[in-house]
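Think of it as A, B, C and D in the order they're written, each chain with its own count starting at 1.
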């Protein structure tokens, strides 16, 4: 059972926390702790074989910590996710098969697309697919529709699996640090339209992918994982895109695993990841 | 013996080139060829066991190719380099030991620093070190001094091994596609001062390094190699910098090897690299 | 259109081949050539925009090459594969989704399992699944049954996607260099039963996967691709196995892409791979 | 200041340790803890900003732990090493330049070679070089001479930087878990003479390197780091060896950093590495 803790740093935090557990007779199987000295922040992830009274332990630990402490014992034991997609299938296919074989660490409630292209693959796995088109709609009404579809599922996380719409700060604000996006990225980086074409023109030798939480600025939220893949001059545009897709699938899969196992902490637009 | 060829594309180029070699009785050991279809450019690197009459072969191949062809048989068989440095030793140390053990593929003529810090390590290897300080000098007079030191060595390449001065377009123009630089880079990329601090603040999970030819825009020339290295939240600033240095050393070493073995072709601000 | 050529080396081979193409008015888009000097073997992969008379070109090229030459113009344009599995789904799921979205480069004819576990996932994609149990059968009769299922599909390749049965030399001989297997592997390597447990005991820091053609000795055929992934002391057995699976999926996917794009040549139990 | 702890596991260890520190007014900056559940072993590495009374803290922590506990506060603050070499320079050059610029994390006392080849590079850095030839000597007398050279330096670690002699169990026993070796390794692995030639023959696509503590069986001690590098069919023997050397240098450098920063714990022929 996982315990995650985040608070301002102070002398004796680990002792205080571990005393609570020791007194209750629980043995720590694994503990990861990090202090950001510059920011004076403390983070811990503790694994205990099992805890019979999680709420009591949560309260007891909270009591021995600074007032700003966030303590969660066994947070979201069965995580539920909603997946947003557009037309590209690579991330979604990977999510659906992992979900099907129960190796995702979360349970896919539904898939929502702004195009119908991925309805068939979704339904093959008996997962509901909802088409919410953005066409001929204001962003407000589009997002209201999205929201109406999402809310009944009460998801713990929204996964943007190559969802190509920019979401409003209001929408994002409703799912604070609960939206995970996968974004291509390059060395040197290219923003603007058609980054793969720009990368091709520039002759890059590496392409990357960044999985991150979504905050107001779509591609600038706290980074969870980054992966890179080597490319060369023989890659034409379609090869670059194919390589990029493999890399995106792999980076998003890793990020989801880390988040779903409660290994990721967010603060000040960055993350602590106990890998 | 290496033959490198670059020209506009056309039907029968490979046939024409290889006929010249076959008729002269030379057997191709290895051949790499690339056509950039969008740009209509042809590139080839051919290895032949040995060539007794390189100048004749060069002329004979040139004759069968389009007018813009650049053909070099056994280009720069013993490459000479001058290394420019500031204070950081990691790339220079690597270059000096490779040079000492004759595994660099080029011969270091001298090291020029705008600070004296790396004089001792250089001289330990019996390589001349010249201090050319930039202080209290206009860029023109500084670069004139640099040039005066460099020219007598008649180097084939200048290596900027963590040389922290920006060179003028005029200076760079005197060594067109003969200056190789190593540049840190990040996903997402940070420009401006103190990129490692920015990267730390942003919580990046990967840092990179790009070795490239220097053109007018210092960090934007044709990319030769890129390498990345994984980092995590436990890295403080000095750890990030250390990891970055390992990566820079490795990326510059690889780039030099590729260039010195005539595996790199430049066009339109990008490269073909026959690795 | 791809042309692949394999023969003993000699002077003027590239010239001869490219003359045939030039005379027929075909322009070479990309050419990869390799000579194994020790073995005196020549390999080439040529891409030409399109060829209207492939059979004529095949004959014309063959005529100008040594007697042992194997020349294929547009080999197996639509490759058909049969996939053999046991219980683990990771490689099969990846193959099925790639096949579904037509990014596999081959067409899955059927899946054959010696256990029924993967019937459901296969049929979700409207691909036939055949159960051929090995239980209570001699190897001969088991393989005869397998063969009877496979032959009607006339596959170009058999993919062993975590197929856990050892095949007889006779069976393998019927599909010479047409069977691709994925095999876990380690540094240092462990053979024998339960390699992941051995790796755990030994505290390895890297685990690998090797995709290879199957020859008589199951895990020792010509290597197509190898991938590695870093692990650490915090991995328990199930973590190691999960990491190994990700790596196997990725290595097999890459190997299939290379083979299906005719980039792999086999000789003397090793490969030339024009990546 | 680093505290390292290793003992059998039990309830409340972290609480006990951190209480000692908290009561003494020391704040934990960073803590890594690992329990091997199968082996019932506990490991911790704690960083505290500074400790004025290390011996008291060591005693106080030891008192609250199981009887088998090994506790070290600020272990070997200035580590001393002796480097053993034969003829290959790549690892030694890297060690000498790091040592020169004080980025090694240890101080090189001397270099001992069984050949004179690396005397010059060593002495360029004003480090003593001792030639201890193995020729015409029994292993016993050779090792006695080695020992006589090593002992006066009282080193914390011996680094075998491509030292090509096999050491006796007696010699190794005198430096229990204090000898670090770098060993090439392959997927699949080759033992026996000339592994690079075997790897070439087998057409491997990856070569590796393993840095490990030396125990009785030379290449089988607890693994500290492993690195791999991709190679391909175009590599001739000398290319493979060059790539292998880069990789060995990099793996050994990383292993030394980890050991010298007290991040490596050994038990049951394997390691816990808090990277």
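One rule holds in what follows: contacts are C-beta pairs under 8 Å (C-beta built on N, C-alpha and C of every residue); 3 or more make two chains touch, one makes a residue touch a chain.
Keep in mind that this is a model prediction, so the values were computed, not measured.
Note on C-D: its contact pairs, compared by residue number with those of A-D, B-D or A-B, agree for more than half at A-B. Chain pairs B-C and A-B differ in how many C-beta pairs are in contact, and the one with more is A-B.
As a whole-number value, the distance joining the C-alpha centres of chain B and chain C reads 37 Å. Centres computed as Cα averages put chain A at a distance of 40 Å from chain B.
Annotation for chain A: residues touching 2 or more other chains are 30, 34, 37, 234.
Chain contact summary for the complex, chain D toward chain C: residues 34, 36-37, 185-189, 201-206, 208, 210, 219-220, 222-228, 232-234, 236, 268-273, 275. Residues 30, 89, 93-94, 96-97, 100-101, 103, 121, 124-125, 234, 242, 246, 250, 253 of chain D are the ones touching chain B in the complex.
Chain contact summary for the complex, chain D toward chain A: residues 9-19, 21-22, 25-35, 37.
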